[in-house]
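We just call them A, B, C, D and E in the order they show up, numbering each chain from 1.
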Amino acid sequence: MPVYYYIFLSATLFTIGVIGVLVRRSAIIVFMCIELMLNAANLLLVAFSKMHSQAIGATHPTAATDAQIFVFFSMVVAAAEVSVGLAIIVLMYRNVHSVDVNFLNRLKN
Amino acid sequence: MNNILHIAWLIPFLPLVGFLVNGLGRNQLSKSISGIIGSGTILASFLLSVYVFLSVKDGNTHVAHYFDFINTGALKIGFDFQVDQLSSLFLLIITGVGFLIHVYSTSYMHDETPNNFAKYFAYLNLFVFSMLLLVLGGNYVIMFIGWEGVGLCSYLLIGFWFKNDNYNSAAKKAFVMNRIGDLGFLLAVFWLITKLGTTDYHTVFQNVSQLTSFDITCITLLLFVGATGKSAQIPLYTWLPDAMAGPTPVSALIHAATMVTAGIYMIARSNILFTMAPTTQTVIAIIGLATAILAATIALKQNDIKKVLAYSTVSQLGYMFLGLGVGAYTGAVFHVMTHAFFKALLFLGAGSVIHALHGEQDMRKMGGLKKYMSITHITFLLGCIAIAGIPPFSGFFSKDEILAAAFSSNPVLWVIGVLGAVMTAFYMFRLYTMTFLGNFRGTDEQQHHLHESPGAITFPLIILAVLAVIGGLIGIPEVFMHGGHRLEAFLEPIFRESKKIQGTHHLSHSTEYFLMAASVVGASIAIIFAWKNYKDYRYSTEENTGIARVLENKWYVDEIYSSVIVQPVRALGGFFTNVVERGIIDGIVNGVGRAVNYGSRQIRLLQSGQVGTYVLLMVFGILILFVIQLFL
Amino acid sequence: MSITEILFWFLSVLAVGGAMLLVASKNPVHSILYLIITFFAVSGHYILLNAQFLAIVNIIVYAGAIMVLFLFVVMLMNLNADSEPPQKNRLLLYSGTIAGCCLLLVLVAALKQSSTTSQLVEMGGGDAGLIKNLGMALFSDYVFPFEISSVLFLSAMIGAVVISKKEA
Amino acid sequence: MFGGVFIKNKAMCKYLAILGLLIVILVNCMELYSGESLFAIDTNNMLSFNSFNLVFITVAMVCTLIFFLLSGSDIEKVGANVSEYFALIFFVLCGVCLAATFNTLLILFIGIEIISIPLYILTGSDKRNLKSNEAALKYFLMGAFSTGIMLMGIAFLYGGNPEGSFYISSLNAGQGKMPVMIAIGLVFMLIAMSFKVSAVPFHFWTPDVYDGAPAVFTSFMATIVKIGGFIAFIRLFENSFGSVQPQWQLLIAIITAATLFIGNLTAVFQQSVKRMLAYSSIAQAGFMLLSIFALNEAAKEGLILYAAAYSLATIGLFAILIKMEDYTIEGFNGLGKKQPVLAVTATVFLLSLTGIPLTAGFQSKFYMLMAAVRDGHHQWLVIFAVLCAAISAYYYFKIIQAMFFKEVSLNTTSNNLLLASAETTSTFRGLLIFIAILIIVLGLFPWLLTDWLHYQ
Amino acid sequence: MLGNFITLPHLLIFFPLIAGVIAFFIKSDSGVRGWSVLASLLTLAVSLSTLIYKDNLELNGLAYNYEWLKYMGASFSVSLDGLGRVLTFLTAFSFPVILIATYRNVYPRSNVFYGLMLLSQAGLMGVFLATDALLFYFFWELALIPVYFLCSRWGGERRIAATFKFFIYTFTASLLMLVGIIYVYLHTAGTPFSDHSFSIQAFHTASLTPTQQSWLFWLFFVAFAVKMPVFPFHTWQPDTYEQSPTAVTMVLSGIMVKMGVFGLIRWVLPIFPAAVLQFENVVIGLSVVGMIYASLIAIRQDDLKRLVAYSSIAHIGLISAAVFTRQQVALEGVMIQMFSHGVNIIGLWIVIDVIEKKLGVRKISQLNGIAHRAPVLTIILVIIALANIALPLTNAFVGEFMMFTGLFKFNGWYAAFAGLSIILAAVYTLGMIQKIFYGETNELTAEMSDISFNQKLVLGLLVLAIFFAGIYPQPFFEITKDSVAAIVTRFK
């Protein structure tokens, strides 16, 4: 199965995430869309890892594991981000009782 | 020989010293001391000039190099004096007439405060210094220094009574008009430097053959432009009548005897150039003649005594240029000399009259002064006869020489020239008659105070009258007496080269006699006519009409200049100030600033505060970058 | 069509569909559920690609922990379909969608020209994704990033505490 | 490896923090001088230490030290969790060090995240202030978005790399035309890095966040964090894509031009000095981008110099701004009379930012321009940069004008009170003078800094 | 021994610099005045001593070189060649004159004022001495900054906007020059320590194609043209002159405009000979148009300061035109004219300052008959004004004569057209004299007093300088001859 199937799949997921960020107003949903983007990237990494392990696995034994470990770390990062992000969203909700990002326009110009 | 060069620098230097002493010490010096310093330095210069004059009679030319004025390798201009026949003759005229006028001034200006009195003499000395520099200069640059210097002094002296704004305007006008001429002079000098690399007379004249005829024509035309400014020729003559605003001795010295002849001196000095440029000569002759006629016509209808004399000066200068134009260099220089005598005399006489009348200059309010001021009257009459060209007074010889040369060049020039001479006779005697004959038309107050002027005033008048009468005798034409033209012989080394080129064309004796007779007869008729008409002049306020009115208003030349040149220049200045400067150039500069400000205000709105918009714009940015990177 | 291909298409459709519904759904709770579906589909892909460990982690951490956290917050705030007013700015909506699609289009168009993309990804086989291998790598070669990520977590922890703590 | 030091440094007060920093700086300098690591930790070649990185880290740390010294007491005023703030700042610094020394994309990714996550929190640390909240959320959402983009970029780079490795040196894309995957990855990375250094059009978060965050943290963000972004940027692009520079130079040129243009132009109209400084920091970033555009020896020296000059001046300026409490330009009116030391030093800082000779700002701009000119491509950019620098003089000098040439306006009575609150300790003033002198010394003898690059 | 470390150029730069810094700390008003006058006089003494040297630079300690940014090829290299000597002398001469003439002007915070003045002097000295491009640029900007502060702090009503415009204008232009400097630098040969060099010798031999020269030329030229200023880059000037405190206006117009001319002669002509040949007609055309244009505007000005400002533009137009004729004569003329123009215009400003201080106005239309009340002032002004319109035996005549000669050699039409400005200059200058000094006094001028001793002193000094340079200018040519010849030969 050609790798570009995976590329297109994850590109599609990524794009959907981007569109979600663009069109949704709820901070939570926007954030979830960003998570989707991260996942798309992760999927791509794993796909490439597989691709590399087949193509050059003999000469570069670490090529495949590298990517998977990277995905592992990206999940770590995502987790950290989620904790902080949700805290900020909650803080915001506490103050203005809304999670609408368009509500945030005190700072402009 | 070297003696001359050792003392030559003293001639201008002494007046300079006089200027400095009087100028710096004007608050300390008493009037008599200033007068003595002022006159004494000139007298000393005059004596030195006589010595110099006598030394150059042998036909030698001396050039003294004092120091380098400008020496940059590429251009070398020395502070040089050249002493030869032409310059020594002018030295005599300047210092001689100058001394007389200084003496005259000690009395004439006696009403001024000591401060102003000293200032006056300082200016006058400065003028003499500049004029001497002009004639002594060994190259065109030194000549130009004097040239502008005399213009400056003229400016200072015209505006001497600076409370009166009209006087100041007249002074300014004189300076600016002179400057226009000076520009021409300068351009000619630049041209010379560009082509020959030098401005020294002798080098220039020796290398004249290296110049193309186009160069020579242009150079001489430009020099002539300079001369029209200084010597009040068309189109730059209008300053001279206005310059009468200055004290009368100033008018006599600067605006009659010396400074205005600088142009003639300059052309005579560069005669070889002009001789090689026939086109220029034609132009000079025509301009000179036109000026002579134009000024004469205007003089016919003027009522201000000094104005009449001023226009007469312009007219006489025109004659001199006519002489230069037709190649009669000696005649022109001769006329300069005789003119210096009788015109200085006339001005000083007019000054005496004005002095007696406490500043009244309108001839319509004079009359009958013969009774009160006999010396003034007689000397003035002699001056009038001299200028009218009645033999054997000096004016006759010099004017006749010019007219004769004009005739041999082109009879038409002669005809017009004689016409001018007739007019000259007419207006001079109109002036004389209105002033001295008939009844006094001024106020009783004035009449009560009428008296002959003091000795300091009459003494110069007498001397000058003598000179005006006999001055012509050094230039008796060939027809009367062989070898009678001693001036021509004296100046021969100066004009030798030009003579060679021109060749000699002698008029037959009979023609010459006829020419003389014609002009004398014409002048005599005019004198009688004037006498008849104005002997019993009555003051009237009736306005002139027709051509007379045009003449009274000087052909409206000032008005024409104002509307054709002055106003447009001012308007252009205004246009530049208000439209170009403020609107366009400043507008662009400020416009950039405003555009930045405006852009700032608009671009700022991009920062809408909406995360959605931000991300959208970012995505657009991403898209653009991708497209550029991947597909371009 | 082999079983892997069928699986691939099935999981892909599931993932994309979940993602689309996530974006389109009005109710945040539904969105979260759709996202979980997507995550599960992605984990399936991981298994297909021999990344078993990652698949597990993905399900445990993402679908399990993170999404529950999301759900928790949504519940906490009592968000529902009405809490988010519909996107009023139509322009933003359309231009956002179009821009996103364009981005996809550009990527696809660019990759079409590429040759590397035709490399094959063989399903099954290989042991790179086993916990044993990953563990070896993580604690030998990757010990430094591992340590460093502790800093990351620490800061996230401190941050969350600082932010959430009520001001005294 | 420095991270370890920081973690132990759970600074409970400012002095401890300063002390810790001093130790680290010392260690760092010794290492820089001797050229060998004092604590050799096997990082599997994931970090690289060379003179460039180390000098840069030193600069960043010295700046932080000065930041602490100047504004430490202001941090204490922000909220109750003082020690946490210090800790977070140290974490960020750790991230900056990682970003300065990374050798694989993984470390870069983690380093950038370590920088970002504490910053989200610091931005929102003024919890009752809605502006602060808003800034934090905006920053967070957009930051996370850029993280996604970066991750995508890393994925593509990995996929396109025939060696299947994350080491930046092995990414070397060869001499020919880049493979499409690498190109896509490059653009994604470019975007993500541009976001971190707030280059147009990925700068939108900057003004809002700088404005919304407590001023003392803005100061930190605008300086040390930003230059951290730059060091990561230039290292990534130099080591990974240096050989195919012509293929992406146009992109950088466009971004640089846009950054300079938008940053400078928008700053002109700002009334709040704080916000103006935010835009000016975008503009300064535009100048720094020239180093990435040129990517040569002069660019690297220049970036170091720029980092130092820009950070010092901005930190000083913010320190003064914090004391002002009225952030509008009118608030500065008459400062020259009331607080001459503040005004004079502020003038030095502003002149340095403008790039007037005798200040470090000039030298750094000079190096940047020289780097760009030496590169020889897209020379219009240089002219454009220079014109933008002229615009920058416009708004910087507005402050100078306000300080020296304008009187305190009478109709706003509160102004006098606010100025009065700008009471300062003599230590504070002394420090400001010290910074000003430092700037001038660097302006006269930039080799004091750049020559460190030639050791080893 | 000491001579190796402290050379005359050092003294010229650092003496005012240190004096300026010290001045900041002198709190007493009279103390700081005295100090700055003393300092400037000492500088003048140093400068006078430089004039006696001939062009053997190293031997006489007139040049100095210190490797400043060694690895970049920039050095602190200064030298007093003919050009430098004339201009540093102008600077050294002008400052005491300015300071003494305005001695009685009251400035709030005078220590800062005088400190900045001396700093600007140091900057100017540096510009005229630097033989290293980077150093030159350094001083170029440094001279600007104190002046900016002086104008903005102590200037007139609209000072902030006016000087700001000035600042932005010149700053933009000099930044462009900086780009040019860098570009040329990258095409120079190296030194033992660096790939390239900023030294002027290296710039002279930089390998630049004509195309490169042609756009580099404009980068440099615009910077200098703004400073001079050449039409149409001049709009900052009248506003700035009008709004600056007079002492600063004197510095600006007397010395700072010479920076532009100096820049052209030292940096543009020798480095871009091909471009100079290519664009000389453009530049001369602009300059000549500017002369007439500025003169015409000057005729319509009612504000004294603006009138002098525009007249300065006209004069500078001639200088810039003359520079581009590449004639030895013209360049020599430029050198002396730079000095003369400085002296004359400073004199004019002093007089205007006196009038403004005494009467509070400088509208020509409001003044009348001052000559009655202040004869000394009048005489001096008339002399200076006449010198300004280049009357023979005054200093400006020599310079203008030579420049016109060069211009005429270059192209007669330019000279003829430019010559119109001689006439126009007479018109506006005499018009100004007439309106202000002559005529009856009015209620404003009736109570005017004559000038004080210190003003008499400096004005007398200026008048002496005017006549000295006008009557015996040869010493100037001796000083500048070699330097000018070196530049001219680059075109052969």
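A few comments on the model shown:
Basically, contacts are C-beta pairs under 8 Å (C-beta built on N, C-alpha and C of every residue); 3 or more make two chains touch, one makes a residue touch a chain.
Keep in mind the model is a prediction, meaning the values are calculated, not measured.
Common neighbours of chain C and chain D under the contact definition above: A, B. If you take chain B and chain D together, the chains in touch with both are A, C, E. With every chain reduced to the mean of its CA atoms, the largest distance from chain E is reached by C.
The chain with its Cα centre farthest from the Cα centre of chain A is B.
Located most centrally within the structure is E, per distance between chain CA means and the overall CA mean.
Mean C-alpha positions place chain B and chain E at a centre distance of 37 Å.
Computed centre separation for the pair chain D/chain E is 41 angstrom, with centres defined by C-alpha atoms. A straight line joining the Cα centres of chain A and chain D is 27 Å long. For this pair, chain A with chain E, the centres built from the Cα atoms lie 65 Å apart.
Residue positions of chain A touching 2 or more other chains, listed in rising order: 3, 7, 17-18, 21-23, 25, 30-31, 42, 47, 49, 51, 53, 55, 62, 64, 66, 69, 73, 77, 80-81, 84, 88-89, 91, 101-102, 104, 106-108. Chain contacts: chain B has residues 593, 604, 607, 609, 611-612, 615-616, 619-620, 622, 626, 630 touching two or more partner chains. Under the contact definition stated at the top, the residues of chain D that touch 2 or more other chains are 106, 110, 113, 117, 120-121, 124, 127-128, 138, 141, 145, 149, 159, 180, 183-184, 207-208, 394.
Contact annotation for chain pairs lists A-B, A-C, A-D, B-C, B-D, B-E, C-D, D-E, with touch applied as defined. Note for the complex: chain B touches chain D at residues 593, 596-597, 599-601, 603-604, 606-607, 609, 611, 614-615, 617-618, 620-622, 625-626, 628-630. Residues 67-75, 115, 141, 144-149, 152, 155, 159, 162-165, 168-169, 171-172, 175-176, 179-180, 182-183, 186-187, 190-191, 193-194, 569-570, 572-574, 576-577, 580-581, 585-586, 589-590, 593 of chain B touch chain E in their complex. By the touch criterion given at the top, residues 351, 355-358, 362, 366, 369-370, 373-374, 382-383, 386-387, 389-390, 393-394, 397, 401, 404-406, 445-447, 450-451, 454 of chain D touch chain E in their complex. Within the complex, the chain C residues that touch chain A are 4-5, 8, 12, 15-16, 19-20, 22-23, 28, 31-32, 35, 38-39, 42, 45-46, 49-51, 53-54, 57-58, 61-62, 65-66, 69-70, 73-74, 76-77, 79, 83-85, 87, 89, 92-93, 96-97, 99-101, 103-104, 107-108, 111, 117-123, 126, 128-129, 133-134, 137-138, 141-142, 145, 149, 152-153, 155-157, 159-160, 163-164.
Against chain D, the residues of chain A that register as touching in their complex are 3, 7, 10, 14, 17, 21, 27, 30-31, 34, 37-38, 40-42, 44-45, 47-49, 51-53, 55-56, 60, 62-64, 66-67, 69-70, 73-74, 77, 80-81, 84-85, 88-89, 91-92, 95-96, 101, 104, 106-108.
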